Structures are given as structure tokens and as C-alpha cells.
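Letters A, B, C and D mark the chains as written, and numbering starts fresh at 1 in each.
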Amino acid sequence: MNIDMDISVDIAGIVMKNPIMVASGTFGFGREYSDFYDINKLGALVTKGLTLLPKHGNPPPRTYETPAGMLNSVGLENPGVEKFIEKEWPHLSKLTTPIIANIDGDTVEDYQKIAKWLSTLENLAALEVNISCPNVEKGGLAFGQDPESAFQVIKAVREATNLPIIAKLSPNVTHIQTIAKATESAGADAISLINTLLGMAIDIHNHQPIFRRTFAGLSGPAVKPVALRMVWEVYEAVSVPIIAMGGITTWQDAAEFILAGASAVAVGTANFINPRAPIEIIEGLKTYLCLKEQNLQQLIGSAHGGRHLTY
Amino acid sequence: MSTPIVSLAEIIQNSEIAPDIYRMELQAPEITQKANPGQFLHIRCSDTVSPLLRRPISIAQINEKTGNMGIIYRVVGEGTQLLCQKSPGSRVDIIGPLGRGFPLPDKDKTSVIIGGGIGVAPILYLAEKIAQQHKNDNSITVLLGFVTKQEAFGIEFLESLGVKTIVATDDGTLGYKGFPTDLLDKYLKMHQDISRHVIYACGPKHMLSRVKTIAGGKNIPAYLSLEERMACGIGACLGCSVKSTQEGYKKVCKDGPVFEAGEIDLD
Amino acid sequence: MNIDMDISVDIAGIVMKNPIMVASGTFGFGREYSDFYDINKLGALVTKGLTLLPKHGNPPPRTYETPAGMLNSVGLENPGVEKFIEKEWPHLSKLTTPIIANIDGDTVEDYQKIAKWLSTLENLAALEVNISCPNVEKGGLAFGQDPESAFQVIKAVREATNLPIIAKLSPNVTHIQTIAKATESAGADAISLINTLLGMAIDIHNHQPIFRRTFAGLSGPAVKPVALRMVWEVYEAVSVPIIAMGGITTWQDAAEFILAGASAVAVGTANFINPRAPIEIIEGLKTYLCLKEQNLQQLIGSAHGGRHLTY
Amino acid sequence: MSTPIVSLAEIIQNSEIAPDIYRMELQAPEITQKANPGQFLHIRCSDTVSPLLRRPISIAQINEKTGNMGIIYRVVGEGTQLLCQKSPGSRVDIIGPLGRGFPLPDKDKTSVIIGGGIGVAPILYLAEKIAQQHKNDNSITVLLGFVTKQEAFGIEFLESLGVKTIVATDDGTLGYKGFPTDLLDKYLKMHQDISRHVIYACGPKHMLSRVKTIAGGKNIPAYLSLEERMACGIGACLGCSVKSTQEGYKKVCKDGPVFEAGEIDLD
């Protein structure tokens, strides 16, 4: 079997040697997982969410396990753009795998400023615009729940940068297609989804929510069926490429998302359980394609088979 | 810090040493070689997605001859329940050694080590390591606290090292009746030369708070091993934060689990 | 310990000896689980969804397992109101536990007709109006995703019956509070949530969606954090009582929902795994309340503790 | 139909009888007493929520003396993988007996039983039960099909009952080279008195389709055991439907798993 087969993919000008990325917030700035494998083998690396100013994040507890999933309320702890460029970019820029910066703002202007600032970096591959973080006081999720404000944020970032823009959508909406179309028309070059589902947990002994901010974001295998459905829907609504995430743990999961319409997929929570998950998924996918005697392009969206949304 | 390793370690032994407390011996020579006292393993308790996350468990014993490693854990929930059902001969998926362990004392220091409940586990390896360095017995005293006699473990092991070991139980069924921090108070009253002392502690949060207060009052350096819920265990998710006395938060898994008492806010 | 303690609850006039119900579609018409325990011990029983005319339901496969959850695409297979009254009501009406009929329609008029017809039954305790079924061609979910049509359906049913009305909401919305308020103002006496989350699965060998209708409904432990969050939100938005469901498997789960604001809870998917789950939850809850020395009323919504939605 | 029972049955034996095929013996006297051939158990393979749903497995053998029950299963996924790891002495949560089994033939009937692959499992109990009723050997013929010799099981058991057993393998490594339905064709050609025959079958869907066609062509009553994904296993969820030749659907778990061939649409 030829497992050196070509599974490269070009998403909005981001040239990736394979369609397996790692999801924002689950891979830090790439230092930790370097202990386990050569992270240049990844299709692309998405950084932890960056804000204009440094953020300390939320008080503990920040994580809580749920059936086949986890809730997190990290609250975008990050060093801010300036420190990121000073402390993290030097080592990130030496990687050969494309680096995508995930950005977040309290206001439309914030997004614009971060985008401008990051656009000065040579070699940064793209911006992933997070309009879906459930764990912060201002902005975040609210932007991603309304097509008009989603449009505004992406348009503002579009005006601020020539980098490819990936709009990262929230699943906590009635009509994901409407939001996806809004970001596409605002100039997004690709769409990534899903961010976490809004959830919560309660301590039945002290009668209080586990998290100080009450709500937190649900991720992991539990959310996969919902993520897959939304990728399917968005594929039928837009023509820009889709980057899928939400519970991807095995190559079989990745294959499902690609069949649903994703051009690339990102591994998030699964990194925590199996640090080598992305590598194993790359290998598994190659073997699968070999056995199917198909190339990646043929696979993308092929479960739609001409059929259209019946729902 | 040494690079962590993922290993499918063979279980050599897994038996109950006190009610609901198990000792598991694992064969993972590369991890054993690198491990420092206070570091931990991140253990996958199930082959399925339930429970999803790994569980952090301290390295309690290291056998340099056999390359084996011992952990001691209390069955409190789903993960540890699954762990205690595993049979010798089967394998368990572990990552380790993780985190910053206890900094070993300089040769001229006197160590006071306090362990409470299941927090006694990492203390065993720490005491052994210090005892190996310092051939003078008096340079280490271990103070252990348990709820009751039945739940006590590790005492024989420590005594076999020739380390001075004093035990307290909440109900007085073994040793002193009270908390191990009471023993620490007494100890410090009895010793005047506290300037060369260093304190190590692992146990429940209220115990660590008390140790911090006592050590702070006497200006003795103290190293505390903390617990927090963890996802990744390696510093990537920012999920295991503890309030820093500086601005912001520290990561228990990477900056800790052992912190100098002054670094962290325990209130 | 006094495990004969009183945990009865009155929801909109439905007098239940305990707050543990069984969820629509997971308990048939009560025949099957009678083999495992005396179902009169339940707080209430909700029937499989009923439509005006008989429905054959969807072609197989109808169920698919997902991580800590399941997808179903039963498609409201049911005998229709007339046969229900003829074949199922005689034995249901002999039960001492309150019986709640779950109703579904393609149109507002359908709902009205079913409601009128069922109102002729002596002893029927209430109607649960399902405006959230994802598995049918017409109506269903669409009614529950828009506040205006949710209002219309409930209002129409309100005009057709004097029975207590429970509006059953869909979680597949951006703002659950808006929908909840709409149904409250239309005259709903109680609100139940959540119905299933919209999800899907793909067969990676034949490249086709598992389900003929592509999408299906996700239920089980996986959805619990999302259900709990929505119950919390709705509790802060309405004053009618809430019946909670979504992944409830243990008494601890039930306690979480009650603390979040539910006056009663329903066991759904868990019946399939442990037929005695509802009984075990009743017992566990009694013991919990005994140990807490609290009565049920004190517990309901107590995790809010005066705090209000920070999000 | 008898009332099903939930039982935490003790595992008496659990061993591999062919590659990836296991036989588990369970002690569940109340279920054993009631079970009819063709009925199944609904088994919880894990103590956690993963895998969430129970798995349906046919009752393959009943030992009236010991009160024990045998099941034979193929490891194909997560549930059966967990099942095969369970040790004798531990317990497994089962519900049974479930479903409508095979209707036993009248005394004057001649039975032809066809089993394919893992579908041979329920056939064993069926053949034994019929053999007990009819002391005349010639009244039962069992036709078995396997992919290859290695995967064959149950033959000795059937022969020990004195039941005429003919085996086919797809690759010809054991017995006839071909499908068990070829054997059925041949059998029916050799026997002219087919008016008193009744056919029973369990196996893959395409085999059942073929049996239905053959039996239909000759007007022989045929009972087929079907499979469908199940959630509740007891008729409450409407999740395991199979198309009826009448209007609508039938439930495999409650109306079946055994159906008269004419009742169901297999296309």
C-alpha cells in the first residue's frame, strides 16, 4: 500500500500537507505536544485564542468531565497579541507547518486591531476569527449568534488584513446556514465549526453551578453528531471550504466529516486523551483513501451525492 | 524538566492495601528512570470514551533495580473504580513523568515532610530519595495524618528506610490524636535551629493552607503539592489553574503540582 | 431514615406522587415496562407522540449509537388518535399514575383537532404539545424554532382544551428563553425541555448518511450539560413550572435538574439501558432529600440562589 | 410470551471457540427456565455510558440441569470486545428472555434448519429442542454455512444430539463448497414429501432472502430470525423496525426476531 499518498489540501491559499489540523485552545502555542511527535507533520496548527490585551482567564475550576465530553471555562487566558509576538511567534515561525492565529475581541474594533497587528507577521498563514467563545464576558459568542454582527466582525477583519480569514462559528444557533452565509458574504475565505456547545453542571452537594460563570463550553465525542450535522448544513449553504471540528477522535470520525463536506478537520479535546491522535488520524486517513482508491478531493462532501437537504 | 513519555505499561501488581486504597505496580522503565518525587502520571482508566479524561496520580515509589514504579490511589469515582479492577498482566496507558516535583534539599538542610491521607503517596518516594542523599537520619522527619488507623499506609515502608516517622489520626486510633499540622507545630516548637529547615507537604487543601501559614510564620521555605481537575495534564489546555500570588494563574500540571508556598494563593 | 417522605408535586394541576416521569417516545404506551415494575409508582407517564392520523414512521435504520448518546429517527410511528383511544386508552386509564398525552401535528389545525379529541377522555391529566420533533417532514421542529409559530400552536391548543398544556421545546435554537416566553404567553401551563438535539451520522463505507432522512435526534447522557443549561435559562425567563429531560440516568442527574429549576424530570433514553432507572431515581432522590433535610420545593431552582444569568 | 427478567448473571465460562468467536456461559436460572429457541438476551457490555446501549445476543444453549445458559458471539465492535474481556466469576447485566422465538414444529413435521455464520448460534438450541420432541432423527436436518473451516462451530454439538448436519463453506475448506442455501436447494430436490416440511433460518440478510425465495417457491412455511439495531429491546422505542408485507413496520425485538417469511419484506 502506498501510504506516501498525497493528501495535501489548499484551503483559501493555506497549503497543508494533509487535512489534519489541531483546534484552537487545545494545543497551546505548540510547545507541549512537541514532546510527543514532530508537530511539523500536522496539516496546520491553530493557536490558542488571542486578544488585544493579555487575559488572565477565569478562576478555577475551569474543566469538568461530562459523559463522553468535557466542559471548559478557560476564559481565553492568553498573553495578548504583543507578548504573543514577542514570546511565542519566534518559535512558531520556525515551524514548517502553517500557523493560524485564532483571534477574539470584545468589540469589532478589537478584532480589527488584532488583525492588523498580526498581519505584520511574516509567514502567518491565516486568521481564524473566533465569534463563538462562550467563556468571556463581552463579545465572543454573542457575535456568532446573530448573522448581522457576525457579518460586521468578519467584514471589519476583512478590511484590516490580506491574510486568509477563517470564520469560526458557534453551534448555539437556530440556523447555522444563515450565519455561515453572512460570514461568507462578509469575505470569509473559509469557515470553521463547531466551537463548543453551551452547557453547564451543578454541584449537588453545595447547590451551586460548578463554574463561576455558570455556563461553559461542551466539547469532545459527545458533540460529534451535532457538529457533523452542522458541517453538512453549511456545506449545502456556502461555497467556501469548511474546516470541521467537534469530537474528532479517530480517523473514522475525520472521514465522516470529510464526507459531510469538510476540506480539513481539526482535532481538539482528543489531544488531551491521546497526544498522538492527530498523527494516528493522518495515518488512518491515508490508509482509508488507499483502500478506497480515491483521493481526498473526491471524498470531500461526497456523502451529499447530489442529494439536497430534506429538512 | 524531562520529556514525558506515553507508555502502555504492564501492570505487575494491583492490590488493596487499605479499604478502598490500592497500590499498583507498573513496568515502565523509561518513565521510572526519569521520575522525580512529586511528579505524576496521567492515566487513561478506560479503553472507551467513558470516562473520557485521563486521571492524574502521583508516582509513589520507584524501584531502580526492577525499573518498576508504584502508585497508590484511593477509589473515589468512575476512573479509579475502573483502575482497581484491572488485572496484573494487562496494560494501562500512561503519560509521565509529568509536572514539576519537589526540589530536593541541599545537603545541609533538614527536611520535614507532611503527608495527609492519600497525599502520603508521593511523600514515600520523596522521603526515600532524600534519605538516599542524606545518610544522617535526623535530617528527615515525616509527619503523617490519616482519618483513622485502618486507612494508614506507608508507615512500614518509611520505617524501613530508617526515616523518623510520626503518625497522627483524626480519631486517635493510631499515634497522636489530631492533625499532622499539629505535629508540625510541636516539631517546630521543639527545634530551635529552624533556619536550615525545609518543609514538604502533600494532602488536602485545608492541610496545605495550614502548612503555608505555619511555614510563613516562621519563614521556613515550604513546598506544597496541589491538586486541581485536569484535562491535558501537560500544560496545553489551561484547565488546571490555581491562583498565583502574582497576577493571574499558574498551571498545576506544568508549573506544579509542587509550588513554593509563596507562589500560590490558597484561599 | 424516613424514605416514605413526601416528594409529591403539583404541576399545573397534575398531581404527581413524585417528580419522576418518563419521557415521550421512550416508554411506548406503558405496556412494556410494566414487566419490570409497577408503573403506578411513576410520578407521571407521557405517551408516545400522537398524530391525528396513524403514522408508519421512518424506514430503518431508526437508531444509531453515538458516544454516550443515541440518534433516533423513529418518525412518530403511532396508531393515530382514534386507534389510541380505542386500543391504548382502556388500559392506560386504569393506571393510577397521571397520563399525559404527547401530541404532534403537521399544521396548527392538526394540533387543535387532536387536542379537542383527547379532551373528551376522562382522566387524561394533560397534553404535552411537541413542537420539537426533528424526525418528520412537516411541522414538528419548525414550530419550535420560531417564537411566533410556537406561540400560534400553543394558543390554538389553548383554545381547544381545558386540559393543562405542557409546551415541549426544542434545544435547536439560539434563544431558548424567547421560545419559552412565547409559549408561556400563549397559555402553556408548564414547559418541558429538551427534545432531541439535531445530529447525524455517516456510513464511511458506503458514503451515505446512516439515516434516510439524513438528520436524526440526539438523546442520552451526552446531551445532559446542554439540557441543564437550557433548563437554567428557562427558569430565569418564565414563571410556569418546568419539566426537565435530556440524559437523566441517575438520581444525581435528576437532582442537578431540580436545582437548576425543574419541578419534575423525565427519564428517556436511560429506560433503554436500565429499565428500572425511574424507580432507582425516585429512591435515590428521597434519600438525598432526607440526608439534606430538605423538601422538594426548597430544592427547586435553589442553585440560582438569587443570582441571575451572568451570560 | 413470558415476562422478561433483569438479572446480574454470573459468568461461568467465557472462551474463544473459533477466531474472534466466543462462547459465554451464564448462570441465570429464571431466564434459563423460560427461554425458547430464537429468543435473545439484551446485554449491557459496560458499567459506564460507553457503549451506551445494550447488545442483543441470541440464546444458543440451555442446560436444564445446571440452570446455565450459553451464548455464542462474534467480536465485531466495542460492545462485543468488552464482553469477551470479562472473566468468569464476574457478573453481567442481562435482560431476557426477549422476543418471539421459533415456533416448534408439530410432531408430524420435518424440520430443515439453516444457519449461516454467527447465525448458527440460536440454531443449536432450536435443533436440540426439536430433537428432544421428535425422537426420530430424520425429522431434522441442519444445514450450516461458514466462510471457512476455521470459523465453523457447533457441528460437534449437533452431531452429539444425533441430528443430521451438513456443512458448507464459502471456500470449500470444510464440507460442501458453496452456500447453505445451495444445500437447501439440493435437499428440497431430493425430498418429494415437502408438504410436511418446515424451514427455520438464521444468518445474514442475503441468506434469509434466498431462503424466503426458495421456501416461497415451494410453498413451504419458513421462519426467519432477523437482526436490526436495537435500543430498548422490549418494544418501547420503535427503533428496530423491519418492513412488513402488510402496511408499515414490525418490531424485530418484540414481533420478532423470528418472523414467518410472509410477514416481512426483505428487499
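Everything that follows uses one rule, which is that contacts are C-beta pairs under 8 Å (C-beta built on N, C-alpha and C of every residue); 3 or more make two chains touch, one makes a residue touch a chain.
These numbers were taken from a predicted model, which means no experiment stands behind them.
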Shortest walk length in steps over touching chains, subunit B through to subunit C: 1
Computed distance of Cα centres, subunit D from subunit C, in Å: 37
Centroid distance [mean C-alpha coordinates] between subunit D and subunit B, Å: 54
Between subunit C and subunit A, distance of the C-alpha-averaged centres to the nearest whole Å: 33
Residues of subunit D engaged with two or more neighbouring chains: 49-51
Residue numbers of subunit A (touch at least two other chains): 67-69, 220-221
Topology of the chain contact graph, where touching chains are joined (line, ring, star, complete, other): complete
Residue ranges of subunit A in contact with subunit D within the complex: 67-68
Touch list for subunit D against partner subunit B, complex: 46, 48-51, 78, 82, 87
Residue ranges of subunit D touching subunit C (in the complex, touch as defined): 3-4, 6, 44, 49-54, 95, 228-243, 247-249, 254
Subunit A to subunit B touching residues, read off their complex: 25-28, 31-33, 35-36, 48, 56-57, 59-65, 67-70, 72, 74, 77, 220-221, 249, 269, 271-273, 275-276
In the complex with subunit C, residue positions of subunit A that touch it: 66-69, 71, 134, 137, 145-146, 172-175, 197-202, 204, 207-209, 213-216, 218, 220-226, 228-229, 232, 247, 252, 255-256, 259-260, 288, 302-303, 305, 307, 309-311
